[in-house]
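I've put the structures underneath this note.
Shared between the two complexes below is chain A, which pairs with chain B and chain C, respectively.
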Partner chain A sequence: MEKPKKCKVLLVDDEDIFREATARQLAVRGFAVQTANCGEAALELVRNDPPEVVVLDQEMPGMHGSETFINIKRINPLVEVIMLTGNTSVDNAIHLMQQGTFDYLMKPINIDELLYKIEDAHTRKQLNEKKRPDNAA
Partner chain B sequence: MLKRLADLSRKILSLGREPDLPALPSEQVEALQLTFKSRYHSFKLLLAANTRILEVMADIERALQGNEPFSMSFVQTASASTSVNVFRMIKDMENIAPGRYDALRVRFTAIQREIDALLARKKEISDQRLVVPLSDLTSDMVDIAGGKMANLGDVKNRLHLNVPAGFVITAAAHELFMNTNGLQKEVDRLFQVAGSDMDRNLDLVSSQIRQLIISADVPEPIYLAVVEAYQEMRRECGGEVRMAVRSSAYGEDAENSSFAGQYRSELNVKFSQFFYYYKQVMASKYSVQAIAYKQSRGFRDEDIAMCVGCLAMVEAIAGGVIYTRNPLDRRDDNIFINATWGLPKAVVDGDVLCDLFVVSRDDDLTIVAREVREKDFQIICYEGEGCIRQETGAGVASQPSLTDEQIRELADLAIRIEQYYETPQDIEWAVSAEDGRIYILQSRPLQQMELMVPGEELDLRRYEPSLVSEGGINASPGVASGNVFKVAKKVDILQFPEGAVLVVEQALPTWAPLVARAAAVISEQGGFAGHLANVAREFGIPALFGVTGAMAKLNNGDRVTVAADLGRVYLGSIAPLLEWKRPETRLMVGSPVYEILHEVSRHIIPLNLLDPESRDFQPENCRTFHDITRFIHEKSVQEMFSFGKDHHFSERSSKQLHYRVPMNWWILNLDDGFVDEIKGKYVRLEEIASVPMLAFWEGFAAIPWDGPPAMDGKGMTSIMFRSTMNTALVPGVKSKYADRNYFMISKNFCTLSSRLGYHFSTMEAMVSERSVENYLGFKFKGGAADFERCLGRVHFIREILERYGFRAVVNADNLDARMEGHEMDYMLGRLKILGYLTLHTRQLDMIMGNTPMVNYYMTKLTRDIDSLLAGRHACQITA
Partner chain C sequence: MRVWDTSHLLDTVPAGKQAAEHVHDYTDSEANRKRIRHHFRQLQTRLVLGLLLGFLLPNALLTAYFHFQFTHTLKNSALLNLEAVAENQKNTIDLYLQERVVNLFNLFHSREFSLQPNQESMDSYLQSLKRFNDGFIDVGFFNARGIQIGYAGPHPQLRGRDYSDQPWFKELRAGSRNYLISDLYTGLRNIPHFTIAVRQVFDGTPYSMRATLDPDKLYVFLRAISHGKEVETTLVNARGQYQVVDPARSPFPASSSYVPPGSPAAGVEEIELDERATLVAYTWLKETPWALLVMQPASVAQSGMYRTRLVLTISLAAISLLVSLVIFLTIRKVVADARRMAEKGQQLQEMLAHASKLASIGELAAGVAHEINNPLAIIMATSGVIRDMLNPEFDLDHSPEAICKELSTIDTAATRAKGITKRLQEMGKARMPVSVQCDLNALTAEVLERLQRVEFKGKHLEVVTRFAADLPQILAEPEPLRQVVGNILVNAADAIADKGTITVSTAMQDGMVSLTIADTGRGIPAGDLQRIFNPFFTTKGGGRGTGLGLSIAASIVKYLGGTIKVNSIPGAGSSFTVLLPVK
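The block that comes next holds the complex of A and B.
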C-alpha cells in the first residue's frame, strides 16, 4: 500500500486548550493542521480550502457536531470525518457511522490512536477517490 | 477454520497455476487491483477493530473477577468501545463483501438495544413524601428513607424498643433538592470533566460540589415539610428539641457495605441552625472519602440518595457500640459491648480508649470478660450547640462506664435485635442522662470474619529476631507486607503510595480513603469498633490498632510484615506468614456497578458460534458481540482468500518460496508483501517484505530440527493404530495433506496455515509501529498419536507459550494462543518463537507419555528459544 502523503487535517473543537494542544501534536507528527472552534468556521474552511480528514468534536455550542458533519459531507462527500465524543452517546456515534463518519474516538483521546485513525481515514479517502475519479475533490 | 483456510488456499493456488487462464486487459487489472486494495484496507481496519474488541473483553473479564474497583464510567466506556468497534467491523465487512451479510446489522441493533436498556436503568422512587416521621418507618422503606433510618424504624415500631423521636428527609426530597437549580446536572458535569483522572482531581471536584450544595437554597416544599415534622417532634418531646442530624444514605448500611464514617453527622443541633447542617450532611455525599469509597465499592453516584435522619438528641452519660457477635471470629457467639463515658461518638470515631464487656448468651447473661480502660476524655453536648471533648476527671476515668445491670440489659437488647433481623448486628446505643434509660440510635448488619490460628507448621520463634512490635488490637485480621508510610496530616494522603503500610497515630475516619490502597494499617490508638476498623475489615486489609509508639518505632520506607491476628509487626517480608494470610475479598462482587457490568457482559462476551463448519454458523445466530466478531473474522479471511478465485485474478496468485531449493511453502501477496513485482513462479526470501513473515521464518530456520524424537514402544503402537484408520497418516505414503504451508502476506500482516507432519497450525500476525494494533494469534491442533498424547503436546506447547507471555487456552485438543498490544520488537521476538515451535514440536506427541523425555524437550526448547531471543542464532540451515 502506498504511504499516505502529508495529510491535511482540520481539527474542530470548542475547547481551546484541547484543540491547540492536539493541533501541535499532529503538526509535530507531520500533518498539515487547520483548526476551527465551531461548526460554522469548519464549514467555511471545508468550502474554501478543503481538508482531507476532519476531526470533529460532537459536543459543541452553536452548530452541533452531528449537524456539522452532515453539512461537511454535503459540501464535499469525499472528506473523511472522525468524531470525538464522550462515552455516553454511543447511539449517536453509531448513527453517525451509519451516515458515513469514518470512525469515532472517545475523549480523553490517546494521541497515537487518533494519529492512526487519521492515517487510515486518509488512505480510505485516497482509495475512494481512485474508485470514483469523477467525484474527486 | 484451519481446514477451511487450507482448502481455500489450495483452491486459490491451483487456480493461480492454471496455464490456460486468459490474461485480463490491463485497465481491468488496474481496477481489480484498486478493488483489492480497498478491500485489503478494510480487512486491516477490521482486524484492528477485532483486536481492540478482544482487549476490551479481556478488561471486562478482569473487572468481573471483582478484585479491582471500577466505576460506572468504566462500564460505559467498555461497552461503548465494544459497540463502536463491532459496528466498525460490520462496516468493513460490508466493504469487503457488499450485500452478503446484511443480517449482521439486524443482530447488532438487537444486541445494542438490550445493552442500552441495561445501562439506562434508573431506580424509580416509589414514595413521593418529602418527610416521613420515624413512627411511620419500617425496614422495607430503605429506598425512600435510607438504611439507617429504615432499620431504626423497625427497632421503634416493630420491636418497640426505646428510640428517640425523629423523622427522615427522604430520597424524594433529595431528588427535588438536586434537581432544583440544575444542581445534579452540574454535579454530573464536574464528574465528567474530572473523568479518568479522578484520583488526581478528587480534592478539587469534591470541594466544588460540596460548595454548590451548601450554597444552594433549600426548596420551599422541603422547608415546609421539615417545619411541620419538627413541630410534631416538639409536641412529642414536650418542648424545644436539640437534634442529631445524620446521613441515612440509600446503600449506606446494606450488608457488606458499611459506608462507615464516610458521611457527616452533626450532633446537638438547634432548629434555627437545622438547614445549614442539613445541607452539610447532603454535601457529605461528595466528601473525598465518600467519593473514593463509592468508586472502590462499585456504587454509582445516582444509586445513592442522601436521605437525612433527624433524631431528638440523647444527652448521654455513657454510650457505645454493641457487636452481637465477635466480628473477628464467626465461631464466637459472645456479645461484645464497647462503652465509654459520654456520647457514643467517641467509640465510633476511634480516638479514645473504651471499655469492653463480653457477655455470654447463657440464661444468666454471664459477663465473661471485662476490660476497663483509662478513659481520659469524653465527648458531651455543649450548652450552646454541638459537642466538646472534655476531661473525665480523676477517679472517673478508670471506672467502668456501665454497671453490670446495664451490661446485661444491653446484652438482652442485642439478642432481641439480632433475633429480629436474623443476622449479627452492630448497634449504637446511649444511656440518657435525663431518665437513665437506654436508647437505640442505630442498628446495622455486622460483618464477621474467620479467625485464623497459626498451624504447627508456622514456627513463630524463627521470626523473633525481626519482631518490631508485639501487642495491640486485631482490628481487621490477615497478614500483609509493604513499605511503611506514616500519615499525620491531610496533605500526606496525596503522597500515599499504592500498597504501602499505613501508619497513623489515631484511627480516624479521615484516613478511610487510604485503606483500599494500603497493604495494611497500623494505628497507635483506636479500637475494633471504630469506623476505620470497619472499613479495613470490609476491604479485607489487615489492621492492627493500639500499637504503642508505632509512629516513633517505624521509619518511612521500612519494609514490614503486619500480622494482625498475631498482634505482631516484623521487619522485612516474612514469606511463610504472608502465605498463611487470608485470600483477598472480592470487593466489587454484588455491588450495583458490578451487577450492571455482569448483565451487560452477557450480551458481549459469551461465544455461541463455535464451529465454522456447522450449519448454525450464520449471522442470524449471533447472540452476542463476540459471536458477531467471531463470525466476521472467519468470513473476512475467507473473502480475502476467495477474491482471486472469484475474479480470476492471476496477478494476485501465489508464488512458491525458493529458499535455497523450492519449498512446500506458498505465498499469496495481499498488497505490499513483496519488495518488488515478482515475475516467475518462485519468490526468494530476500524478495519478501513482510515483517512478520520474515520474523517467523527466522525462528523457523534458525536451529536445525533434530528429526523425530526416539519413540518408545507405546508411542509407536499409538501411531500405527491410528494409521490403520487414516491412510493420510502413514509415513512415507505421499498424501496431499503432507507438508503444505500457505502464507498470506502484506508488509505488516501475515497469516500462515500449515501442516507439518500430522499437525495443523495457523498463525495470524499484525506487526507494525502501531503497537496498539499489534497482535499475534496462533492455533494448533492434531497429531499422529492418540488423543491423550496429542493433548499432552498441546499442553506442552501452551506451557511454553505462556512462559513467553501468550494468553493460551486449550479446548479439547485445540490450542488457541494470543497476545496483543506490544511493541514491534517484542512481537517479532514472539513470532520467532512461533516459527521455532512450528518446526520443533513436530512429532513431539510421540513422547508425551514419557516424563524424562518431556522434561528433556522442555529444557531444550526453552534453552533454544532463550538463545534465539538473545540473537545468538542467525539463519543456518533449511528445514
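The block that comes next holds the complex of A and C.
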C-alpha cells in the first residue's frame, strides 16, 4: 500500500521492544523511521539529520521527555513533536499542549491513531514552512 | 561514602508510607485518643496529688501544730488562773484567821482582864469577840493545869472541866508558838467546831484563852470570797479531812478524795473527780496545817478555749476545703482545656494523614498506570507487528516461527505486567498486623536458604553470615519481615555482576536489633542514593526490576518502628542496615 508524502519520523523511547515494534509498524507503512533510546541520542539526530515529526516518550531515564522536547524546539522550532505518555492526568495533557507539543498520545497506543497524528503533524509542519520559509532550518 | 537514613526519606515517599500505614491507622486514631485521655488523666491525678501534698499536707501539719499549741497554752492558762485564785483566797483566809487570833490576844490586854475572871468578865469577853466577828461561839479561860476556870457561851456545863487531856491543850502547852488553831472536831460538846487558843504567861504561870468558832460561818466566809463559774472552794487538813462543813456534802467528819501533796506549798493539777476531769489548785495556809482547795470542772474552766478552738478549726477546715475545691476545679478545667486542644491537634493530624494518604493513592495510581502501560504498549505494538505480518499488502515474513517470536515478546511483556500487579498485592498483604515474637537470625537464615536455592543459582556468590548469638527476639510480623530481608538480599545479589561476597550480620545496636546486609557489588551512585526508596525507582534494566522492592522494605521497616540505613561506595559495594526495636 502506497501513500503520498510519507514523512520522516523520529521515534524516541527507552523501552527497546516497544520502540522497535512500533518502528517496524511505521516502516512497513512507508515512513522513513529513525529511532533513539534516549533524549541525548534524539537531539543528536535532530541536529544532524532533522526529522519532520518526532514521536517522543515522556517518561525516560536521563533526559526527561519534556526536557528533550524543549531542546528539540530550540534546535529546530519547526519540527513537530507528538508526546507519548503513561500519565493519564488532564493536568499533564494541558501542560504538554501549553508547551507547544503538537499532540499527545496515551500509552498503550493504537497504531492507527498514531498514524493520523503523525500525518496531521506533518501537514501542519508543511503549512508552517510555507508561512515562514525564512525560518525553515 | 554517603550515608542515607530512610526515616527522613519516607516522609517524602507517600506511596510507600501509605502502604505501611493503611490498616494500622484505623486502630491508631482510637489508640491515640486513648493515649491522650490516659495522659491527661495522669496529669490531672498528678496535679491533684501535688495539691494535696503541696497545700493540704503543710496546712494540716500547721493546723495540728497550732491546735496542739493553742490547747496546751490555754490549758496552762486555765490552771494558772485557778492557782492565782487559790493563792488570793488563801491570803484572805490567813488574814481572817490571824485577825481571830489577834482578837483573842487582845482579851489579855483589855481593861476587864483578870486572872480569876468572874462570869460577868467572861460574858463581856464574848461580847467583845462577837463584835469583831460573829463566828465566835464561846470563850473560855484556862489555868496552867488545864481547868476551864472561866467560860461564856452556849455550853455552861463546860465550866470547870479539865481540858488537860484535850489534844489542842496539849499541843498549845508543848508548842513553840503561843497560839493554836485546831482542826475541826466535835470535842466535849459533840458538835463540829474548831478552836483558837492563845497562851500568855503571867508571873511565870501560863494561862490560856480559848474561843471556838462556828464552822458554818467559815463556810459562809469561804463562799463569800470564792467566785467563778462552778468553782468550789474548801479547806482540808493534811489527811484530806474537810475543815468546813458543806451542807451539800456528807456530814462531819468527811474526807476529800483529793489529798494535796505536802510540798510544794502550792500547786495545780488536773484530776479525775467523780469521773469528771477537774482542775484543782491547792495552797497550804500559813496559820494552820490546812490546805485551801479550789476546784473547777475542766470542761467549765476550758469551755471558752474549746469554743474558740472549735470555731478556729472549723474555719481552717472550711478555708482549706474551699481553696482545695477552687484549685481542683481550676486544675480540672485547665486539664480539660489542654486535653481538648490535644485531641483537636490529634484530629487535625489524622485529617492531614488521611489527606496525604488520598494524595498518595493518587500518586500510586499514576505510578502503577505508567508501569503497567509500558508492558501494555509493548503488547499492543507487537500485536500490531503480527497483524502487519499477516497483512498480505505488506508482504512480510509470516512464518509460524516469526509469529511465535513476536508472541513470546508479548508473553514477556504480559509477565512483566503480572509481576507488577503481584508486587502491589504483596504490598497490600504486608499490612496484616499479626505480630509475633520473631528470631531475626532464624528468619534471615531461612530467607537466605530459600534464595540460595533459587534466585542466587548460577552466580558465584559467597554468602558469609555473622549472627549475634544472644540476639533478643523482636515483636514483628514474620512475612513482611521476610520480604524486607528478601528484597535487600535480592538487591545485593543483583548488584554483584558475576562474582562477589554478601555478608549478612546481626547485632544489638543502641538498644535495637540490627541486620546488616553488605555486598561487594557495583555500589549506588551518589545521585541515586536519595531515590532508591522511591516507588518505581529502579536501575535494573530490561524490565527486571519493578522499583518497588526497597520502597516496600522501607515502608515495612518504618511500620515496625525501625529504620534502614544505607552506606555505599560506587564500585566497591553497598551495605544496608535495618534497625528494629526490641518490643
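Just so we're on the same page, the second predicted complex is superposed on the first by the 130 of 137 C-alpha atoms of A that agree within 3 Å, B and C clash if a C-alpha of one lies under 4 Å from a C-alpha of the other, contacts with A are read in each partner's own complex, and residues count from 1 in each chain.
Note that contacts are C-beta pairs under 8 Å (C-beta built on N, C-alpha and C of every residue); 3 or more make two chains touch, one makes a residue touch a chain.
Just so we're clear, the structure is a prediction, and the values are computed from it rather than from any experiment.
Applying the stated contact rule after C-alpha superposition, one finds that A:48 touches neither chain B nor chain C. In the superposed model, A:59 lies in contact with chain C only, and not with chain B. When the two complexes are overlaid on their common chain A, residue A:25 makes contact with chain C while staying clear of chain B. Judged by the touch definition given at the top, the superposed model places A:127 against chain B, while chain C stays out of reach. By the touch criterion stated above, A:97 is placed in contact with chain B alone, chain C being left untouched. Judged by the touch definition given at the top, the superposed model places A:108 against both chain B and chain C. When both complexes are aligned on chain A by C-alpha atoms, chain A residues 1, 86-88, 106-108, 110 touch chain B in the first and chain C in the second. On the side of chain A, the complex with chain B involves touching residues 1, 86-88, 90-91, 93-94, 97, 103-104, 106-108, 110, 112-113, 116, 120, 123-124, 127-128, 130-131. The part of chain C that touches chain A in the complex is made up of residues 366, 369-371, 373-374, 376-382, 384-385, 388, 393-394, 396, 406, 409, 412-413.
Against chain C, the residues of chain A that register as touching in their complex are 1, 15, 17-18, 21-22, 24-25, 28, 59, 84, 86-89, 106-111. Residue ranges of chain B in contact with chain A, taken from their complex: 34-35, 37-38, 40-41, 45, 48, 73, 76-77, 79-81, 83-84, 87-88, 91, 112, 116, 192, 195-196, 671-672, 746-747, 770, 772-773.
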